[in-house]
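As written, the chain order gives the labels A, B, C, D, E and F, with residue 1 at the start of each chain.
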Amino acid sequence: MVYLTRKAEFSASHYYHNPEFTPEENSRVFGKCNNPNGHGHNYTLEVTVKGDVDARSGFVVDLKQLKEIMNREVLDAMDHRFLNKEVPEFFTHIPTTENLSIAIWQRLATKLEKAHLHRVRVYETPDLFVDFYGEQ
Amino acid sequence: MVYLTRKAEFSASHYYHNPEFTPEENSRVFGKCNNPNGHGHNYTLEVTVKGDVDARSGFVVDLKQLKEIMNREVLDAMDHRFLNKEVPEFFTHIPTTENLSIAIWQRLATKLEKAHLHRVRVYETPDLFVDFYGEQ
Amino acid sequence: MVYLTRKAEFSASHYYHNPEFTPEENSRVFGKCNNPNGHGHNYTLEVTVKGDVDARSGFVVDLKQLKEIMNREVLDAMDHRFLNKEVPEFFTHIPTTENLSIAIWQRLATKLEKAHLHRVRVYETPDLFVDFYGEQ
Amino acid sequence: MVYLTRKAEFSASHYYHNPEFTPEENSRVFGKCNNPNGHGHNYTLEVTVKGDVDARSGFVVDLKQLKEIMNREVLDAMDHRFLNKEVPEFFTHIPTTENLSIAIWQRLATKLEKAHLHRVRVYETPDLFVDFYGEQ
Amino acid sequence: MVYLTRKAEFSASHYYHNPEFTPEENSRVFGKCNNPNGHGHNYTLEVTVKGDVDARSGFVVDLKQLKEIMNREVLDAMDHRFLNKEVPEFFTHIPTTENLSIAIWQRLATKLEKAHLHRVRVYETPDLFVDFYGEQ
Amino acid sequence: MVYLTRKAEFSASHYYHNPEFTPEENSRVFGKCNNPNGHGHNYTLEVTVKGDVDARSGFVVDLKQLKEIMNREVLDAMDHRFLNKEVPEFFTHIPTTENLSIAIWQRLATKLEKAHLHRVRVYETPDLFVDFYGEQ
């Protein structure tokens, strides 16, 4: 049983706003992230899969497939996008790093075949990241 | 004569669009950066000043002053902003990394006292950066 | 259940010495870290908290509060300090990276409210770090 | 109970080939990694040990011993080597990052004394790494 | 006049050997880099171009073209290759980082159009790099 | 003509104090760096030499010699030291990053043979560094 992690990067913008909050609450809770014009990040995504090593290939996962799945399910949908306006999960949820890691987990978990999704890590900046392991 | 460099980071969003271009030209020249909703980056700014070392302090520049100038002139204006909509230089110029490095130079060059501004470097991503030395 | 990690840095000096050791033992066990003048590091601290995502804010923890707690409990006490002489935990314990991670855990564990402290990681250099999960 | 991690780097070359595969299978499964001349990487190795902190030294492990063991068992054998031709484990196994992390675990697990080996992480590139915890 | 730098990475293997040296000289001058099986690196390439900013696009260089040229002239030829055996410049020259930076300069200098090649930097490891500015 | 840069790291402590200043001046100019117990950093040193590539070796400098000179002249003297108390240059000069880069230049400039010293860069933290080119 080994764990393999592949990184990828995407650039997106977002802002934080809860329509049920008063303007004062939005400002107090979200600070300058509440700016409706949005601001952006170079997100770094780490996807970890776990499984047994295939005796014939020495691989736990076909890296080309993993790359294609990450590109198709995540990067094509989120790179160079305004998350609040263009990614459906964030029409109703606030695109915090927490919710972003959960959304990416849900996009990937059923697409992998032999290997199992173990962890999704999302860095919003080099100094802030969130891990999600599918735990409810 | 020594050269001192201080780094800082800010997060902003932008998009690329020339109103004199046809939609086809905008799409061909700017690709997915032409998305009008904007996308974002964690920009890293490096500001280099040069000068003689003060014999009494051992400093080429007062770091507290340099930090204050960088915060006031650049970060307060650009961090968590949509560059095209909220930073005046980019009402008329496209906020490419090239133009961003020139705009930051112009904001800083006259504010430094004893030390001289030598270089502004702006990283849009870890793999792409622009240097401006004030050369016309 | 998500895990959020925030990084911070501080610069401190320390040295390793056990008063119950002979000088030879101190030299053999601690090598050049035994120099009583001290030497220093840029420590990188990673604090990981875990909890459920708040449905209204999208946050697992209030980042401003987490930053304030980390600043007040750790950075204000340790940044630009000689750990052996100025931080009480190290009047009686040797300020190894192991003991530093435990001391930081003890300073933070009771101060967090809704989220639970999951891990304290301390990098002494980019090539050496210690994790503490509160396990006895 | 703390977990201490030490990093080290080595440079090696390898290629991927299964003699039981047809040339077409080797090409399809391994792509450009199938080039028999080999290609290379700057591998980064992270070795994590766990244990109790020694009350007299403040250490979970003698770092000089850990460094010697990592050098003798791994770096002397693999640094500046062609893994397929010069490291016995890879005469019969394909030197994927998965198999490399397992081989390094097996070289280290019985050599450590008081502390227990917890994890071996091998980065093939900054964007791809494998973790092995000794799980069968 | 601005300077734009784009990074790329490639993995290759090489060894150092001068057929005019005696075996003793080769061993003394090149140390473990003389192993004829080769060893490898994740090379990082930085290509810097300089020029005026185009008033219509805000660009000093068309990044898609720069990427294509770097891919075609350098990465397609060198990535996943044994430099001594598969890259013609190194049939007769030793593939040191010095000679590699010169070879990459020569491959790129005449291919760029409006912008001028300013510098080629090649990192062999994170701790060793060479710059070439086309100076004879 | 190529430029080769080698990095090395050392850990040291220091504090800033001018005996000709009043306590108020020392506090105002140097802030928390004035703490006489000292604090520390993981310094990163980059040494750049320039010269022609030797046709027989492909090298601009013998890396083993460069490493030995850097170790003997800089690291053995400064690593795990309190700069103010143990490094003679700083008995009379304040150990700022500016003065440290000049001191290291002076220690290295006359020791190199065929290659010429081009630049000394010292990082005090990842966000602050000083370059010295030997300019008066």
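Everything below uses one rule, namely that contacts are C-beta pairs under 8 Å (C-beta built on N, C-alpha and C of every residue); 3 or more make two chains touch, one makes a residue touch a chain.
Fair warning: this is a prediction, and the values are worked out from it, not measured in the lab.
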Shared chain contacts [subunit B and subunit F, defined touch]: E
Same-site or different-site touching of subunit D by its copy subunit E, using the half cut: same
Gap in Å, rounded to a whole number, between the CA centres of subunit F and subunit E: 29
For subunit A paired with subunit E, centre-to-centre distance based on mean C-alpha positions, whole Å: 34
Multi-chain contact residues (two or more partners), subunit C: 126
In contact (per the touch rule at the top): chain pairs: A-B, A-C, A-D, B-E, B-F, C-D, C-F, D-E, E-F
Of all residues in subunit D, those that touch subunit E in their complex: 9, 11-14, 32-33, 35, 37-42, 79-82, 85-86, 125-126
Subunit F partner contacts - residues on subunit B that touch it in the complex: 1-8, 53, 56-60, 63-64
Complex interface listing, subunit C residues touching subunit D: 16, 18, 20-21, 29-31, 93-99, 101-102, 126-133, 135-136
